[in-house]
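Chain lettering (A, B, C, D and E) follows the sequence in which the chains are written, and residue indices restart at 1 in each chain.
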Amino acid sequence: MKIGVFICHCGENISRTVDCPRVAETCEKIPGVEFSIDYKYMCSDPGQKLIKDAVEIHKLDAIVVGSCSPNMHERTFRSAAVAAGINPFLVEIANLREHCSWVHEDVESATQKAIELVRMAVEKVKRDKPLSKIKVPVTKRVLVIGGGIAGIQAALDVANAGYDVVLVEKEPSIGGHMSQLSETFPTLDCSQCILTPRMVEVNQHPRIKLLTYSEVEKIEGFIGNFKATIRKKARHINEDICSGCGQCVSKCPIKKKAFSSFEEGLAYRPAVYIPFPQAVPNIPVIDESVCTYYRNGKCGMCVKACDRQAIDFDQKDTMMVADVGAVIVATGYKLYSIGKQPLGSKYKGYGEYGYGKYKDVIDGLQFERIASASGPTSGEIKRPSDGKEPKKIVFIQCVGSRDPAKGISYCSKICCMYTAKQAMLFRHKVHDGEAYVFYMDIRAGGKMYEEFVRRAIEEDHVNYIRGRVSRIYEENGKYIVKGEDTIAGVPVNIDADMVVLASAMIPHDNAPGLAQKVGIPYDKYGFYNESHPKLKPVESTTAGVFLAGACNAPRDIPESVAMASAAASKAIILFSSDSLEREPVVARVNEDLCAGCFYCRKVCPFGAVEVRDIKDMNGVVYKEVAYINQGVCQGCGTCTATCLSKSIELAGFNNEEIFAEIAAL
Amino acid sequence: MDELRRFARELLLKKEVAAVIGYEQVGEARTRPVVITDPDECRRLVLNEYCLNNLVVYLNRARIKALARSKEGIRKLAVVAKPCDIRSIVALIQENQIRRENLMILSMNCHGVVRDFGCEFNGDNLAAKCISCNTQSSTYADKSFGEVREIPKFTGKLEYDLSEIEQLPPSKRMEFFREQFDKCIKCYACRAVCPLCYCQRCITDKTIPRWIESSSHSRGNFAWNIVRALHLSGRCTGCGECERACPMDIPLSLLNRKMAMKSKELFGYESGKSTDNPTLVGSYDQKDSDELFM
Amino acid sequence: MDNKEKHIENGWEPKIVAFVCNWCTYAGADLAGTSRLKYPANMKIIRVMCSGAVDPVFILKAFERGADGVLVSGCHPNDCHYNAGNFHARRRWDLFHALLDFAGIEKERLQFSWISASEGKKFADVVTKITNDIKMIGPFKGYQEMNRQFTTEFPEQEKEKLVQQCTEAEAVNG
Amino acid sequence: MTEEKLILKEDLLRICDDVIKKGDTLLAPGKSEYVIVKDVSEIKLDPEALPTKISFKSYVFPKSEPVLYYKRSKNDVTLIDADVNGRKIVVLGAKPCDTGSIDIMKDLFNWDYRDEFFNLRAKHFIMIGMMCKTHDEYCFCTSVGCSPVSENGSDLFLIPLSDKEFALRIVTEKGREFIEPYFRFLCDADTKRTEEVLSAAKNPETAFDPDEVHEWLGRNFESPKWDGIGEVCLSCAQCAFACPVCHCFDIVDEDYSYSEGRRMKNWDGCQFGHFTLHASGHNPRDIQSKRYRQRINHKFRYYVDKFGKILCTGCGRCSRGCPVSIDIKEIVSNCKD
Amino acid sequence: MADAGLTYGYFPGCSQKGSAREYEMSLLKVAGKLGIDLKEIDDWSCCGATSAHATNHRLANALAMRNMLLAEQQGLETLVAPCAACFNRLITTKAECRNHPESKKDVEELLSASVSNTTSILNVIDLFDKASNGLIGSGRVRDMKGLKAACYYGCLLVRPPELIDTDDSEQPDSMERIVKATGADVVEWNYRTECCGAAHSISRRDIVVDLSKRIIDDALMHGANVIIVACPMCHTNLDMRQRVMRRMYPSHKEIPVLYLTELIGLSLGFTESELGIDLHYIRFNMPNEIMNQTAQA
């Protein structure tokens, strides 16, 4: 192998402390070095031409450049090498500026170090192997999991860019929690009014395949090439025939057996139901657990009511497979269960607040339903227990959030704002009502947010008390809220008519289960981890899987929408060419020598290591070995150091190269 | 012993297992591993204080694995294992080398073994690992044989005391280990008998790059013995076979024991305790000590 | 005269190797350069992608090639570019360091640090510290004895040295 | 030329002391190997001791030695020969099953290539053998043509008459040269007593006839008997490295700086799986049974065919030290129909 | 039943020998009957509560650890500390020594002994709820039906939450389970874990009277006819201070306060005087149903 060494003076930046001609001269004697030269500015056009000419004249196979940090000009010199016909990975940079001339003063020792640095690079480049970029084909279709506002936004963005989308929602309708909200902060515009058009758009978009009442069963494959298996749960309604007239719903004799989850348990729904009037798709579902037909085979009122014969009691769950290139996970959140929890539960609950025991102690989403014009009280503020209008409501913030003793230490972020909104709505609707808010801090960081809270306090005269509530108990038909005003330093007792708890946002119970199916990591709460907290906030650590909305952390609507668009654009970037180009710095397993202990699999942060069976002539598996998916590997090399038999090598940093560097010290 | 022979014979007759790996007596104070496939040969099986070998090492040998493999799939292997050997089985299961369902573990209720063949079984000659043993029988096994008797009280003297060596100044420790390692002739008996040294090709046999110099000079010997201990850190189950096999009497288990202590001290980890535990290497805790790091 | 002075008096300069991750410590070292911080020239860096990719045998090899001290440095916990590489590394080093310590290798010979891309100052400080530490305890005799076993002096080397000395003398004399 | 003398143990130790003082190497059986004696008080001279775990082989054929040094320069490689240490080595009290080992190996090291490293060291060996008065279940010297009283390979041979006296036989000219300066310590022999002691030697029972084994091996290359051994053997090289006459070695190049290095000759063992591994990946002795077959054939057939000597001294070290108790005597005894 | 063979170390603490004599009396009686062997640790000393706790952190730790060390040295793996303050001191010290090696070292230096810190600590609720689960039901000779008990935990038995894994610190219910086992009814009420005033009993009687009265009033309001406690301090404040309450609030309605062990003792058939119930300030009258039951028996 013929190696060329090029020592850059970087004007005087290097040559001031490093004797560049001497470095070039000494390095010329290193075995393997065919040509060595120093030059004023190696990165300049003449400098690059010097390299190209030398490659041609001396028939060089590899080059070493002694210059600034590879973070500055590695790309430049690699391009020069490519132009000269050398593989870009046969270029090594000796960092003579940042790591040598700039940090040392003594010319002799700096020069000596420079020589050694170049020597190390020469020894490494001798062992370097030509590498080429890895190409992975891409299926240009996105799977969006979750049909809340984040999922809807992501699906629409991707579809509008011209790519197919499969949107999976586990509930009978898309819309998510946003469809339950009354009005939104800080503008107080009606949530449904802004959401419904988008839901309809999803349903009508030719590029979006909407699968409601469906769940992801498993996802195999890797970036650009996922295969998702989706379970379509039986609705017992033939979707192709149903016109959504709602006759079956009104005829269903089961009236008071099942609570409506859309109404957060504040109202009943029939056995055959449409979750809410604006549901998309507007097709009912039969709830087997309460339907009379499924109990004793009788009834069939709905069948009679349906003039299109759309009721199908025999319908079964069906499985379908979708090939997709990217996955956007937008599974959202649920609220912390505030009631007393059994001993040993992950979260301790707030038994002392009497949620579940006292009907008028409710959570934030329940208040949204009560305040919503389409809700069970048609927007009039009424107590769930007796339907009377409450005159005094206490709102308690941070129920669950920021309370490690109860299992959660994070801030749920949206509660300050929606509590202010709810207190305002109450004051707007009940003019003689009193609203109290117990808060720890008010976190109103957002456009117009602080102003919004000030409005609640100053214009709507909501009483804000800084402090925590220790317990709530019923006395003479009132709810005694015992708390402390930490500013005044006095205990506070408020006899309220109703209490609204702003409970924490937590991931769904099955969030870890879904994460395992998708192959993405999650934190101890079950929120999905982003790949990098600053620079890759919408990427999961699994290549090709992106995150949107509150499944990642508590988020409000604008943030969820922004994140969804970001995730969508990441998917679109991925689809911008037919195959995916990846840096070839990936690990490879020597299958002959792999002993199959799978320590590599345990340490791989990206799930790139797969199990491959090695079979004997009879087709019986006699050995399992590790296989690294080149599309997924990010090239950290942790597996190479963990592998006990050294059967994995990281291209570009293989062990032989590193040993050579060590030897050249 | 008769019960074991009968049971093993039944297993082979009923074709429940492809082979039985056990011990046979060869001479008065010595046994030898034996791989039995013929039911009638089961009369050779013995269980006694001279059953020193850790037979688990055989479970991962290509030849033995081949015995269990047929067109129909994988058949079970029966192995006679002391309760301490079963820890190696657990470790191998954790490392995906063997599967519990392919194994029939025949355990012996153990009351200690001798330190080496040819010694009389008494307190003086008790194997080091038996001195503080508290698992005389195993619940992980499919069946246990023999009765539980008390382990004799150790009355001998160990040649090297770990705590004494720990207390030497570093330079003396390096001197001590260099002297010990210099004896090494690189016969790799330590590797051959170790159930956890199952690599298809040991890194000391790899030439490009040369991980460990194969020469038996001080440097090569030092590297080999340190890397051996390193690769077994958090994995070694303390069967002590390496030290027994060493023809040059290098106190190999000093290193293994030290690393086992460290694994426990730093990470609360004991190798071969349960297949449910994540392995020490290959997992991490965000709370692992940061003490070493500037 | 303390140890350090004694060792330096003999004209000995320690040889130190650092294995650093590409994303944090290497960039931190670059920052030390751009900030023009000064530190001793004894350490040379070998760049790897992640501190999790540094094999303990690399350290033994470095000692075998005459290193008097080794530094391994990566991203701070929770800052790893690859999320968990440094956590795996930390466990590995906890074990390996304990082993080397038991084998009698002074703790100062092998040191570890977390240096982020913004900690140029810390990089310079760490290099200075480890260089001083090694100067204090002197050359790695234990390994050097082993390294010298079965080696020989090449006569050419002498010749080369002579030539070099002559040229240097010429240079001085103008 | 054998000449017999009588020597007191204390006088013998005086001679040893003189050897040490002269700066020559004195080797004597220690706890598990032959050790370099630094002080004569360490010398045991116990005829009842079993053979050490490994023989003195490494002093004539080191476990690792450089054979040459190289240095790469820009377009060239410079070579330097390794310096062979040719110091005199006196082995005191070698077992009869060890004394002959150098002679057996000599043929191999002087067959197609004269191995100067071996020859120079062998030349400087003074072998003082001693009659063996014990044996255990693994000893079988008598089956391979050796015996507890064999003087083969010894330059001088000691026969312990009592705790304090030895009969000293001068076997070779080299032996005479060595002992001549110390003649004043020697008295006249009591040959009758010597003969009595010799005839009372405890010979291990003959276990097999090497000729029959040789013949059987020739016919039974594919015998199923090899399979059973292959299942138990764990492929270490304890047997080969402990053996006084196993002599396989491996040549490796070892860099010790980026441009300099040495070519090393290291012991190798035929039971290692990679011993015969080809660069292509093919391995003619891919399974353990083939490797063990090779070991037995090499010792009792190939070496006999080539050099007329059995490559075994019957010391039993390989069996005694085998971690899985494989007994070579038992296996060779079974080499019959 | 007696062969259940449960042996525990018993750390009485100061109050068991003084103001809460009846607590010890009833505890030992009940334990004896249920086959629980309580071995009083030899040479025990102050648990480190009160003065040491307030003035010298190291001393408080050392005192607590001293008692655990004694238990360890006397071969007792588990230590029962009936007093809530003792219990709290012991678990807190144990946790501190576990989590802070330097504290452990400090304590070891003060005690001149090495500490394994493995003794497990039980309070009386733990003892009857977990350790001797089911014994009360099977040994019961009297059904305490008719008693409407308000179970009062106070502050120290279920706190700090991070060290208590046997019950919920805010909504505990372990005492209720035990009380139900005696046949008594439990009432739902609001002040189960409120402060009784604790050690202010002596220095600021006014505070204590107010705090304790609120507890008593709430229990009464929810229909209780007895308050059950498992802490000597709570008992003092709730029982003794009712006389002052009566003076200060003429409308005050009295309610008897029993130790949990006394209630269990009654259900096991012991008499009031055997259990020391007659030592209380507020007289406890057994409801008629129970009296009749006894008469029949």
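By definition in this document, a contact is a pair of C-beta atoms (placed from the backbone, for glycine too) under 8 Å apart; a residue touches a chain by one contact, two chains touch by 3 or more.
Keep in mind that what you see is a predicted model, and the values were worked out from it rather than measured.
Following the contact convention of this document, no chain is adjacent to both subunit A and subunit E. Distances between chain centres, each the mean of the C-alpha atoms, put E farthest from subunit C. Of all chains, the one whose Cα centroid sits at the greatest distance from that of subunit D is E. Of the two chain pairs examined here, A-D and C-D, it is C-D that is joined by more C-beta pairs in contact.
The central chain of the assembly on a C-alpha centroid basis is B. Separation between the centroids of subunit C and subunit D, computed from CA atoms only, is 45 Å. Centre-to-centre separation of subunit B and subunit C, using mean CA positions: 37 Å. Our note on geometry: subunit A versus subunit C, Cα centroid distance of 40 Å, whole angstroms.
Centre to centre, using the average C-alpha position, subunit D and subunit E are separated by 81 Å. Residue positions of subunit A with contacts to 2 or more other chains are 592, 603, 642, 646, 655, 659-660, 663. Multi-chain contact residues of subunit C, defined as those touching 2 or more other chains: 56, 65-66, 84, 88, 92, 147, 150. Contacts between chains, counted with the stated touch criterion, involve the pairs A-B, A-C, A-D, A-E, B-C, B-D, C-D. Here subunit B touches subunit C in the complex through residues 165-166, 168, 170-178, 203, 211-213, 215, 217-219, 222-223, 226-227, 229-230, 233-234, 255, 258-259, 262-263, 266-267, 280-286, 288-290, 292-294, going by the rule given at the top. Every residue of subunit E that touches subunit A in the complex is listed here, in rising order: 161-162, 165-171, 190, 221.
Residue ranges of subunit D in contact with subunit B, taken from their complex: 31-33, 53-54, 58, 63-64, 137, 228, 230-232, 234-238, 240-242, 250, 252, 254, 264, 266-267, 269, 272, 274, 287-288, 321, 323-327, 330.
The residues of subunit C lying in touch with subunit D in their complex are 65-66, 147, 150-152, 154, 156-157. Against subunit C, in their complex, subunit A makes its touches with residues 69-71, 95, 97-100, 102-106, 109-110, 112-113, 116-117, 120, 521, 529, 531-532, 541, 585, 603, 605-606, 634-638, 640-642, 646, 650, 653, 655, 658-659, 661-663, 665.
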